[in-house]
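Following this message is one structure expressed as C-alpha cells.
Note that the chains are named A, B, C, D, E and F in the order they appear, and that numbering of residues resets to 1 at the start of each chain.
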Amino acid sequence: MYHHVKKLMYTVRVDTPDPAFGNMLLEQFGGANGELAAAMQYSIQGLNCEDPERKDLLMDIGTEELSHLEIVGALARLQLKPLKFDRDAAEQDPLIAIAGGGGVGLFNSQGNPWTADYLKITGELDVDLRSNIAAEARAKIVYERLINHTDDPGSVDALQFLMTREITHMKAFSAALESMEKPPFSIGRLAATPKLVDEYFNASTGDGDEGDTDMHGPWQTSFGLQPVESPMVGGQGLSNGAIDGVAGYEARGKQDSAQKATTATKVQTVDKKPIPKNENAAQKGRQSTMEGEPVISTK
Amino acid sequence: MYHHVKKLMYTVRVDTPDPAFGNMLLEQFGGANGELAAAMQYSIQGLNCEDPERKDLLMDIGTEELSHLEIVGALARLQLKPLKFDRDAAEQDPLIAIAGGGGVGLFNSQGNPWTADYLKITGELDVDLRSNIAAEARAKIVYERLINHTDDPGSVDALQFLMTREITHMKAFSAALESMEKPPFSIGRLAATPKLVDEYFNASTGDGDEGDTDMHGPWQTSFGLQPVESPMVGGQGLSNGAIDGVAGYEARGKQDSAQKATTATKVQTVDKKPIPKNENAAQKGRQSTMEGEPVISTK
Amino acid sequence: MYHHVKKLMYTVRVDTPDPAFGNMLLEQFGGANGELAAAMQYSIQGLNCEDPERKDLLMDIGTEELSHLEIVGALARLQLKPLKFDRDAAEQDPLIAIAGGGGVGLFNSQGNPWTADYLKITGELDVDLRSNIAAEARAKIVYERLINHTDDPGSVDALQFLMTREITHMKAFSAALESMEKPPFSIGRLAATPKLVDEYFNASTGDGDEGDTDMHGPWQTSFGLQPVESPMVGGQGLSNGAIDGVAGYEARGKQDSAQKATTATKVQTVDKKPIPKNENAAQKGRQSTMEGEPVISTK
Amino acid sequence: MYHHVKKLMYTVRVDTPDPAFGNMLLEQFGGANGELAAAMQYSIQGLNCEDPERKDLLMDIGTEELSHLEIVGALARLQLKPLKFDRDAAEQDPLIAIAGGGGVGLFNSQGNPWTADYLKITGELDVDLRSNIAAEARAKIVYERLINHTDDPGSVDALQFLMTREITHMKAFSAALESMEKPPFSIGRLAATPKLVDEYFNASTGDGDEGDTDMHGPWQTSFGLQPVESPMVGGQGLSNGAIDGVAGYEARGKQDSAQKATTATKVQTVDKKPIPKNENAAQKGRQSTMEGEPVISTK
Amino acid sequence: MYHHVKKLMYTVRVDTPDPAFGNMLLEQFGGANGELAAAMQYSIQGLNCEDPERKDLLMDIGTEELSHLEIVGALARLQLKPLKFDRDAAEQDPLIAIAGGGGVGLFNSQGNPWTADYLKITGELDVDLRSNIAAEARAKIVYERLINHTDDPGSVDALQFLMTREITHMKAFSAALESMEKPPFSIGRLAATPKLVDEYFNASTGDGDEGDTDMHGPWQTSFGLQPVESPMVGGQGLSNGAIDGVAGYEARGKQDSAQKATTATKVQTVDKKPIPKNENAAQKGRQSTMEGEPVISTK
Amino acid sequence: MYHHVKKLMYTVRVDTPDPAFGNMLLEQFGGANGELAAAMQYSIQGLNCEDPERKDLLMDIGTEELSHLEIVGALARLQLKPLKFDRDAAEQDPLIAIAGGGGVGLFNSQGNPWTADYLKITGELDVDLRSNIAAEARAKIVYERLINHTDDPGSVDALQFLMTREITHMKAFSAALESMEKPPFSIGRLAATPKLVDEYFNASTGDGDEGDTDMHGPWQTSFGLQPVESPMVGGQGLSNGAIDGVAGYEARGKQDSAQKATTATKVQTVDKKPIPKNENAAQKGRQSTMEGEPVISTK
C-alpha cells in the first residue's frame, strides 16, 4: 500500500526555462534508464521475491525511485512550460507542445513512449541484483551528462541529488548480492561444461592492414580462461565434444553421434507427416494447394 | 567486415519436434535476453569504443553471439516446422504458422517483435561492461529454464553448449572491468555528494499486522551506508542540505535559498510571457483563444 | 514523496492456482486499461496540474491505483506461480515462464509490454477528467469480465474490491468535472463554427439489400443537431462556407477564394525552389541526380 | 463497402509552406488523438456493435473521420513538401525527408509510428461511447493548439473546420449515450459493493511545509461519496469487510477468514508440487538443477 | 558460423562532422530500410530456406549487409561524435547525446528503436525474393537522398559504395526469382478464381469539380484486366458469383445460399450457448451479471 | 472524401465458430500483411503521389482494401464471438476476450497491436509499386495458408474471394510499373558505380564438412554479374577503387587518399574541440567532470 505526501523529496528550482534541456531531462522521466524504469524494475522484482529480507530492500529502493520520478517530472515541467504558447519552444518537442499542452509525459528525449521492454526482471534474485547494479551505473552516467549540459544552478543541484542517490543504491544492491554468498560465476543450479567454459574464442581478428590488429588483455587469461582460435582462420575451435548436457543422464545426443542437422538443410529428423486434418479435402483436389512440398534430401 | 561459413558452431539435432517448446526457444532468438540482443549490444558497443583492447573483446564476443543466433534459430526451426501444415501445431504460434510459413522470425515466445529497446548501450565503457555482465547472467538462467522444460537429448546438448558460453563471456567481461582498475562505486567523473551518498532510505516499512515487518541486512550498513528513516514516518529524512552540485561553483541553488518549486503548484519562477508570435491576432480577438490562463499564486 | 507500507490494501487469497486465469489477470497489471495505466495517467496529470484542488484529487486517486497495482500483481503471481516448473502451465505464457521465472511482469494477457501509448494526458483539465471517466468505465467492465471467468472465491472477492473502487473514482472524476461549471460541449477557448457544428453527416448509408438500412436516433437531432446527406449520394453536404477561422481576423483563406489544393495533385502553391545547398554540384553534373522533378500541372 | 470520391471534404490551401508546422500537423494524421485513431476506433466499434441503430452512428462518424484523415494529410503534405530537397527543412523531420521523400506517413509529430495501442475499444457500447466523447474532446483541444501555432489563413480555416466537427461528434456521442437511458455510474451488470463504493480515499496528504496542503472539493462529497483517511496516517481505511463478491454465493473468501496472502511472502496456498515431467531426470542428478527451491515460511 | 575481420569493407572518412547529417544517416543504421533490416531479412530467410542454392544466395547477401551495417555505423559515429560534449550538437539528437554518449545506437533518424516489424519474411521463397527486390529498391533511393543532403566527399563516396551494392543485390535477387521459372502472377499453389481475378474495380471516382477526374491507364486493361464500376456509383460490381473456393469440394458456401452475415448485425449463425462454467453461480444470482445478452434479430 | 455503404463487398457466412481459427484470421485484419496495412500503404502513397494517373490507381486499390478490411473483420468476429462468455474459448485469445469483449481489434494473431512500421512508403513512385507488388504476393500466400487451416465452407469462400483480389492487384501494380518504362535496375537518378555494381560477393562459403558447400546459380552471372571472392578467404574483394561518388565532382575523398577511419579506432578526423559552453565551470573545478577524455591515438 502506498501513500503520497504533497512535498517533493528534493525541492526543485529553475531560474530560466530551457525547453531544449527540458527535453533532455525527459530521458530520466520516461526514458530507458529513467526513474520510472528503476521504480518498476525494483518494485516488481520485490513483488515477486520470496526472500523477505531482500524483498524489503527492493521495495525500499523501488519506492524511493517513485519519489525521484516526481522530482524529475517537476524539474522537466518547469523547463518545458514555454512549449504551450511559444512557437519556437514548441518546435523543440511538438509532441509535448501540441498533444501534451506543455506538460510532461512518459516519453524519452526523442518522444518515444515508455515501454516495459526497458525492464530487466528474471525472478532469479542474484541475477536481478546484477541487472540493478548495472541499471544504477547507467542512470548515474546519464545524470552526469545532463549536468554537463546545463548551467542552471537549481537544475544542477537537483540532478546532483539524484545522481548521488544512484551511487547509494549501487552500494546497497552490491551489498545484497555479496550477502548471498554465491560462488563467482555461479548462476542458477545447472553447471557449465568444464573445459568449454574456459575457452575464450577469438571471433574477430585483424592484421592491421588499413584496419585494427588483434589485441590482448586479461580477459583472455583470467578466471581460468585461455584463448582459442576459430577454425575459420585455421584454429582448433571450441571443445564441442566436451558437451554432456546433464551429468548422469544416459540418452545423450552427443556431438559425435550419427545424424545431425548442420546448417539445417541436409539432415531432416522431422517426420514427413501428411497434413492431418485435410485428408478428405486432399482427395477432392486440395492436395494441389500444398505450398512448399518438402524437397529435403536426406544425407 | 564479416564472413559466414556454412557450418553451425554447434551442430543441432532434434528427434521429435515439439512446437510448444520451439516457441519457448524463440525467447533466445528474438527475445529480450536472446542472442540477437547480445550480438547487437556488444558489437555496437565495440563500434563506438575508443579503447582498442576492449573494443577487440567486444567484437570477439559480439561476433560469437551471431554464431549462437544461428544455432538457436536452426534448433527452433526444427521444433517449429510442423506449424506449417499441422493445424494443432499452428495454434501454438499462429504468427509463425500463418505469416511465417513455419519458419523462425525475430519474435519472442509470445510473438512480440524484437526491438532495440532491449539493448543497454551507454558509450561509457565500464558501465557497458556491467550491463554485459548482467546480460550474460540473464541469458544463462533463461537457458537453464529451457533445459528444464525439454527431454530431447539433442536440444539439451545444444542448450548446454549455449548456456556454458554465457558463463565464459561473463568471466571475460568481469576480467575486462577489473582490468580498468576503477575504484568501487566510481562511475564517470562527477563525484557523489558525501554524507547523502551513504544514507540508506527506508521507504517501505511494516509492522507485521497482516503484512510484512521491516527487515534488516548488510545492504543498510555495508560500504559506509547507514539507515535513515523517512519523514513520512517521523524520521529525519535525507541530508538534502549536503548538496552542492559542483564544488567551487558559486551561484548555487541551495536548498535553503528563498524561492523554490515544491510540488510544483505554488512557486513559479517561469516568466509569465505573453504569447509572443500572436500579439496582433490577440488584438483582433484571438486573445479569447488562450487556454489555461496561468492561475499560479506566488508564495 | 511516496511511502510504502508492507501490507496490501486488500489481502488476496488463491485456493488453487489457475495459470490461464492468471494470464488474463495480467490485463489489469500491465494492460491497456490496467492499474499502472490508471496510476500513471492520473499521477502525471496531477504533476502537470495548476489547479491545486483538482491536483489533490488526481494525486489521491493516482496513488490509490498504485496500491491496486500491488493487489493485482500479488493475485496474478499466485495464479501464475506453477509456470516456473510445470511444463503444461508454462505453455500458457512462455514469456512469464521462461523469461520471468513465473513472476509477473508489465505485460498484458498476450505478452505485450506496457507502453505509455495507453495513456491519455492532454494538460487540459476538463478534457483529462473526461478521459479519466472513460478510463474508469473501461476498467470496471474489464474487472466484470474477469469475475465472469473465475470461480475462485478469493479471486472473486479481490476483483470485486477493485471493480467497486473504479465506480468510486468514476463518481469523483464526474464530480470534479461538474464542479468546473463549464458549458456543455465547450472545450478550450476557441469557439466552433456555428451551423457547421450542428450538421450530423450521414456518411454511411444502406438500403437493406443484403445489408443494413439507414437508422435514425436522437444523435441526429439532439443538442441542435440536424442530419445532412453526403454529396456522394446526392445530398447538399456540409456548410463549408460557414468557416471563418478566427473572428475578426481579416486575411482569411475563404473557401471561395481562388487557388486551393483539392485532392492535392492539381494545385501547387509550393515554390519550386532549386536545391539550395548543392548548386555547384548541380553545375558539375549532380543536377541529374534530382529525383522526382516536379511534374505538377497548375490549374 | 467503401467508395472514395476524388475531392476533399474541405479544400485546403497553403500560402507559404512551414515545415515545422507541417510536422506538428502530423499529430492529427498519425498521432494518438488523430484522425486515423478516430476513424479506426469508431469503425471497429461499429463492426462489433450488435445494436443496429448505434452501429449506424458509429459507421457514420468513423467514415467521416476517414475523410478528415485525407484533409489533414493533404494539408500536412503541402507544409512538408520542402523537406525533400531543402537541407534545412529536412532537419525538421529527417524521417519524412530521407525515408519518405517529403511525403506524409503515419507518424506523429516526433516520428513515432501509429499504433493500435492508441485505440479504446471494449465492445461494451456505453463504455465505448464514453471513450469516444473523451476522444473528441482531446482532438478538439489539439486542433485549438495547432491553430494557436500558425498564422497561415488557409491552414487556420481547415483546422477550424476539423475542430468544429469534433464538437459535432461529441454532441452525437453524448446523445447516443443518453438515449441508452442507463442509470448514472452503472457500467455492465455486476453491482459495486455498497458502502465501499462511496468511500473517497485520501491517499495523498500534505501539511504545507514546503509542499502543498490537503485540499477539499465536491469530489469528496458528491454522489454519496464521503472522505476516508488512510491507515498510513492513522485513519480507518476502506471498508474491506463490506466485500461479498457475488450475492448469495456461499463459498466466499471473506477478508476475515483465516489464511490469506498479504504482501505475498508469508502465506503460501500454492501446492508445492515436484516438477512433473522430469522425475527420472531428477533421480539421475537433475534435481540439482532446480532454481529457487521454495523458501517460503508458512504463517 | 561468423567471423569478423577488423577492417571495414569500405574505409570511411569524414572531414568535418555534421551532427544533423549523422542523424539522417541513422536511417540506414537502425531504420526501416537500413542495413540491419536487410541483414536480418535475408539471413533469416536463408536460415529457413530449404532450397540449398538460393539459401546460399540469401546468406551471401545477408552477410554482406552486416558488413555494410558496420560501414554506416562507423560513418554515422564520426558525424555524431560532437554530440557528447557540444550542447548545440546534443540538441540534434538528445537520445544519442544523453543516453548514448555520442555513440550510434539502433535508432532511426527520429530516435525510434529498430524493430523486427520492419522485416518481411514469409517462408515462401519466390514471395521473399519479391520482398527483397523491393527492399533493395527502397534502400537505393534512401542512399540517393542522403547523398543529396551532404557535400562531404568522404561521406559521398561511402554512400555511393553502399548505394551501388543495393543495385547489385537487386540484380541477384531478380535473377534468382527468374531462375525459379514460375508463371507470372502465380503465387503458392491455390489458383485465383477466373473472371473475378481480371476485374479492375474502380473504387475511387471523380468528376473534376474542385477535385480530380477519373484517370485511365494500362493497369486497367493489361494482363487480361478489365475495368468494373462499383455498385455504389451504379455499376455492376464484382463477379462474386464466380467464387468456388476449392475445385471439386462440394459443401460450398456459395453467395446465393440462404443464411449469411452481411454487415454482420442481422444474421446470426453463432449458437446462443449459455455460459458453460458458471451455471451454478447463475442460479445463485450471478445471472444478473451477464453483460450484453444477445439482442440479435434473425433475418 | 469517403462514403460507406452498409453492405459487405463479399457477404460472409460461418457455420460453426472456430475461435482458434478466428485468431489466425486476425493476421489479415490487424497483422503485418493484412488489409489495413494494404489500405493505408496504397492510400497514403496515393495522397503523396503527383502523377494523377497512377494516383488514381493507388486510390482505387487503397479504397478496395478498406472494403476487404470490413470483410475480414466480419468473418473474424463471427469466429471469435464465443470468447466473450466461454472460458475455454477465452483462453485462445485473452486480450480479445477480456479487453475486447469478444470483438475484433487491430491486433495480429498473437495480439500485437497494428503499427505503421508495417508500411513501406518512400514517395518514389516506381519503388512504391515494387513494394506493392511484393505486398500483394505476401497477402496472397497468407490467405492460402488460412484456407489450408479451415474446412468451413463460408470461410473458404470468403478467403478465396480475398485471395483472388490480391492477384488482381498484383497485375495492376505490375502493369503500372511497366507503363513507367524505366530501364531495368534503374532506381532514382544517381547512377551506380560501374564494375563495382556487377560484382557478386561470395560472403558465405562452405566446404561441406558437416555443413553446406558453396552453391552456384544464375544470380552470380546474370545481368552482367560475376562472382568475387572475399579477401577473408584469400579472394580479391570488391573494386572499391572504382568509386567516384559524383561524376565530375573534383573534391573527391578517394579510397587511396591519406587519412581514413578504418574500423574507427585509429584515425581521428574530428577536431578535438574543448567543451564550448562550460569553460568557466571547468576552471572552477568542473573540468574533473568530463567523462571519456579523448584517448585517441593518431596514426
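Operating definition for what follows: a contact is a pair of C-beta atoms (placed from the backbone, for glycine too) under 8 Å apart; a residue touches a chain by one contact, two chains touch by 3 or more.
Just so you know, these numbers come straight off a predicted model, no measurement behind them.
Q: Which of these pairs, A-B, B-E or C-F, matches B-C in more than half of the residue pairs in contact?
A: Interface equivalent to B-C, from the options A-B, B-E or C-F: C-F.
Q: Are the interface residues of chain A and chain B largely the same numbers on each copy, more than half shared, or largely different?
A: same
Q: Could you please state the distance in Å, as a whole number, between where the Cα atoms of chain B are centred and where those of chain F are centred?
A: Whole-Å distance between the two chain centres: 27.
Q: Pull out every residue in chain C that's touching 2 or more other chains.
A: Correct list: 1-9, 11, 32-33, 47, 52, 55-56, 59, 62-63, 67, 70, 74, 77, 84-85, 87, 99, 101, 107, 110-113, 115, 117, 122-124, 141-142, 144-145, 147-149, 188-190, 203-204, 206, 210-212, 214, 231-232, 246, 249, 260, 262-266, 275, 277, 281, 286, 289-292.
Q: In the complex formed with chain B, which residues of chain C make contact?
A: For chain C paired with chain B, touching residues are 1-8, 11, 47, 49-52, 55, 84-85, 87, 90-91, 93-95, 97-99, 101, 107, 110-113, 123-125, 188-190, 246-250.
Q: In the complex, go through chain E and note every residue touching chain B.
A: That would be residues 1-9, 30, 36, 40, 44-45, 47-48, 56, 59, 62-63, 66-67, 70, 73-74, 77, 84, 99-107, 113-117, 119, 121-124 of chain E.
Q: Okay, in this complex, where on chain C does chain F touch?
A: Within the complex, chain C touches chain F at residues 20, 23-24, 27, 31-33, 92, 108-112, 141-142, 145-146, 148-149, 203-206, 209-214, 230-233, 264-266, 281, 284-286, 288-292, 294-296.
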